[in-house]
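Both complexes below contain chain A, partnered by chain B and then by chain C.
For the complex of A and B:
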């Protein structure tokens, strides 16, 4: 940010003389210190992952989730102000339900992203509200296959093969750019996502963390998936659910090991390592 | 702490992306006296320190029962806590009417969190000035949640809020690993020990200023006040004063400026006169 707003930054919905809305930019700042959160669009599904710092050992592990399910086939991960993320998630669920009611069908991911983009945009229009202090990564699958979107406080949203937000987004982005999304499978994606979260983690400053990871898959082995799609429920066969615990543990262990080896011999080039991992 | 352009309302972000009004609301919790919550495999307990405005005055209540399986302890503005607890009672009754079952703890906690979030995003509203510890039991067992004015909710094994609560948290962090298997009485005892560590040097836990509530699997919420607290204080034994360790901690904090010693800080911010009137509702 070049300058702060000399009076034009005190209220939402006010343009500065050079055409900026400062309050929206400040809302983006709230996200920049949030936990690293990524989304990967793979060949056969979507992965959402989030670095969860453990701020106190009195917290119940695995509780206080940051990634939620919107509908059977769509998940959302938010970074930034947690309560804003909860509000946004609730609204997305309402949109998904309303789509079902109106069209007797599950909501396409692009349509949900569009509606949620509009919802975020509405909070930049009035001085009586403030923008959302979050970016949301929306991942799901529909007739056109897996789709991934990231929605910003301004209401702007783009489709992605790999999206990253939060504190470690720069490191995460450069790691994601090394991947080949048209070939990447979900199982490889889980390992990559875990590795990226570890790489983006700043262990000088940050405390311990756990990884929260979900996926959207067509062939879920879970009991919830088996019980889904009952009478009258229109469902496209995709499921958003937690990545199986054993798989996540294995991926985390590998990521940790890869990172430690990386630290040991700095001489080895990153590209060589990538080839080994894939 | 100084005034700035960005702290007038909760719809203005600062250039760093902070919302000062929400942060100030968090400070209001620290003005209130301490409350401690902790859970075992079978029970959740709340213990709280009550304050009286004057020597001969009555003590402000710190624990509000919501339903047979649910209760809250508060720190901060007690009128705000009453609004929230009335809302929780409504949710609880609605659940019993509609579904013929007690409301799940996480559901009702999420409901007040969503309610509080709206207050931080709209002009003309203010964040709630109260922190809550919510203790309850449902099909998934005993639960302890912390609620903050920001709309943040967190599930804990043990938690403490209010003035000088850092000392209680230190106690909990040291001993929480033993909590899952302790008995009902032992759980309360741990809570009292944590609460005792928040006391100022010349204070002690008495039957007047201590409030206890406990709820367990297959056991309705029960609140203990006044003479009925005596049994637990007797268990605590020795003297009702703070442990040696906490006293040492306190002197260390005084030297270092004090992380949690914030009583004077905000009173100064409120200006003369206002500080005392704000204190009247802060319990």
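For the complex of A and C:
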């Protein structure tokens, strides 16, 4: 931390002589310890998944959600400081509602990502505020099909086929890179996402965790008019909803099994090697 | 001597005033604003030359900063605010513009049926003939609106946003007809208290998904609500309700009314309205809500007979 003591890290509105905004970099540090969160852009939808460490046995399973619905067709997953994530989510919801009021249409994902990028960036400009201690993965679908964006504390946002953030992002990214996003279907994506969360978790395997997973799909089996809006309401046909429970459980089970088999294989190869050494 | 009026300040000046100049006005006018300012506008030489002629009423300073640097009331008169006033009082909606006519609703033993035609009138002109005035809200509710069409569309936007916000907690909770009705009634009542009402009369129909208990309730632009086994808005309140009440007078009658009979009843009333209400249309939408959800459809008035027209003098071409 070369920045400490130089005085250039005390305020947002001050650059260091070599052109860095340390407050933003510290905010990124807050995310690096957050829960592993990924987004996959499949050919027929979006998957958002989050590894949720169980910090207390007193917590109700499935509580403290990190993935939220922004509008019928868009979801958001945040990693980092929880309250920052809530505020960011609320803002995204307001933007989506405001778009509806103005245009009587569902907000395109790219437009929402742009607005939320600008919003995050505004919090890097003034000494009276601090940047968001979160990275947000925004997934949804519109007339142009599925779209996935990741917004960072600096306000930078890019579109992705696969995005990962939080503690296990390096492992998750290298796993995502092995996938073929143009061929990947949602059903395959659910399994891959569960597997990736398990792989990325490997390093701190002693802690209990649950997987939170949602998708954006065009043919939901479970979404009722309560979620999609009745006939005559503004809706583009895509729904952001929880991945069906049975499907998620099956995917988690398979992921766990695959990982255990990998471990066994590794164990075997080690033994073989030892034999050779002898 | 009198140049000190500027340089030495007010107190000094007061002391140098010859008592003769403190005329009786001084005692009547306790306000000192004007005279002080007046003194400041005079050069010291002027003061010494003309002081004998000056009518100085009083010479304490205006203690209210608001008055500093402003035109003096005693010279220019009181400030004229009138241009700021609206020439007329503020007015809000005085009447509906493009309107829909009646909505009918009838409870039957397993649910509710609701119907509204597809005409939007501009005065007496049937301006649009394809307007949907029934809106499904969630899984087990339909809202039918009569009155101003644009206010109805605004209400649809509010209901759409309400449904979206209901999804935020992701707790599988959802809104049913009683909640939707109450929400609409609160909106309408709030707007009437702003003297800017949403110019509608609205029926909310629904059924409980567990008990299949039917729900039907009315709310109008004043926020008045009531409930009955059969309801109608607009012209239908005059023409259809007497017919409907013959069949469903009370809740007991509701529990004996089948869906088929309810449908026939509504068809009959829509036909009467088509004959008698000059703002009605021949095509209408209907929705049936039971515990299984919402079924919707569209229908045209069948088996029309205009024979009676021959009997009416002045109606159409006829020889007297």
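The criterion applied here is as follows: the second predicted complex is superposed on the first by the 250 of 278 C-alpha atoms of A that agree within 3 Å, B and C clash if a C-alpha of one lies under 4 Å from a C-alpha of the other, contacts with A are read in each partner's own complex, and residues count from 1 in each chain.
Everything that follows uses one rule, which is that a residue touches a chain if its C-beta (ideal position, glycine included) is under 8 Å from a C-beta of that chain, and two chains touch if they have at least 3 such contacts.
All values reported here derive from a predicted model rather than from experimental measurement.
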| item | value |
| --- | --- |
| Touching partner for A:242 - first (chain B), second (chain C), both, neither | second |
| Of chain C and chain B, partner touching more chain A residues | B |
| Partner chain(s) touched by A:127 [first = chain B, second = chain C, both, neither] | first |
| First (chain B), second (chain C), both or neither touched by A:234 | second |
| First (chain B), second (chain C), both or neither touched by A:43 | neither |
| Contacts of A:91 with chain B and chain C, given as first, second, both or neither | neither |
| Touching both chain C and chain B, counted on chain A across the two superposed complexes | none |
| Touch list for chain C against partner chain A, complex | 132, 135-139, 142, 156-157, 159-161, 163-164, 166-168, 170, 174-175, 293-294, 296 |
| Chain A residues within the chain B interface of the complex | 1, 4-5, 9-12, 22-23, 26-33, 56-60, 63-64, 81-84, 86-87, 90, 123, 127-131, 133 |
| Of all residues in chain B, those that touch chain A in their complex | 5-6, 10-19, 110, 113-114, 116-118, 120-124, 150-159, 169, 172-173, 176 |
| Contacting residues of chain A [partner chain C, same complex] | 65, 68-69, 71-72, 93, 96-97, 100-101, 104, 224-227, 229-234, 242 |
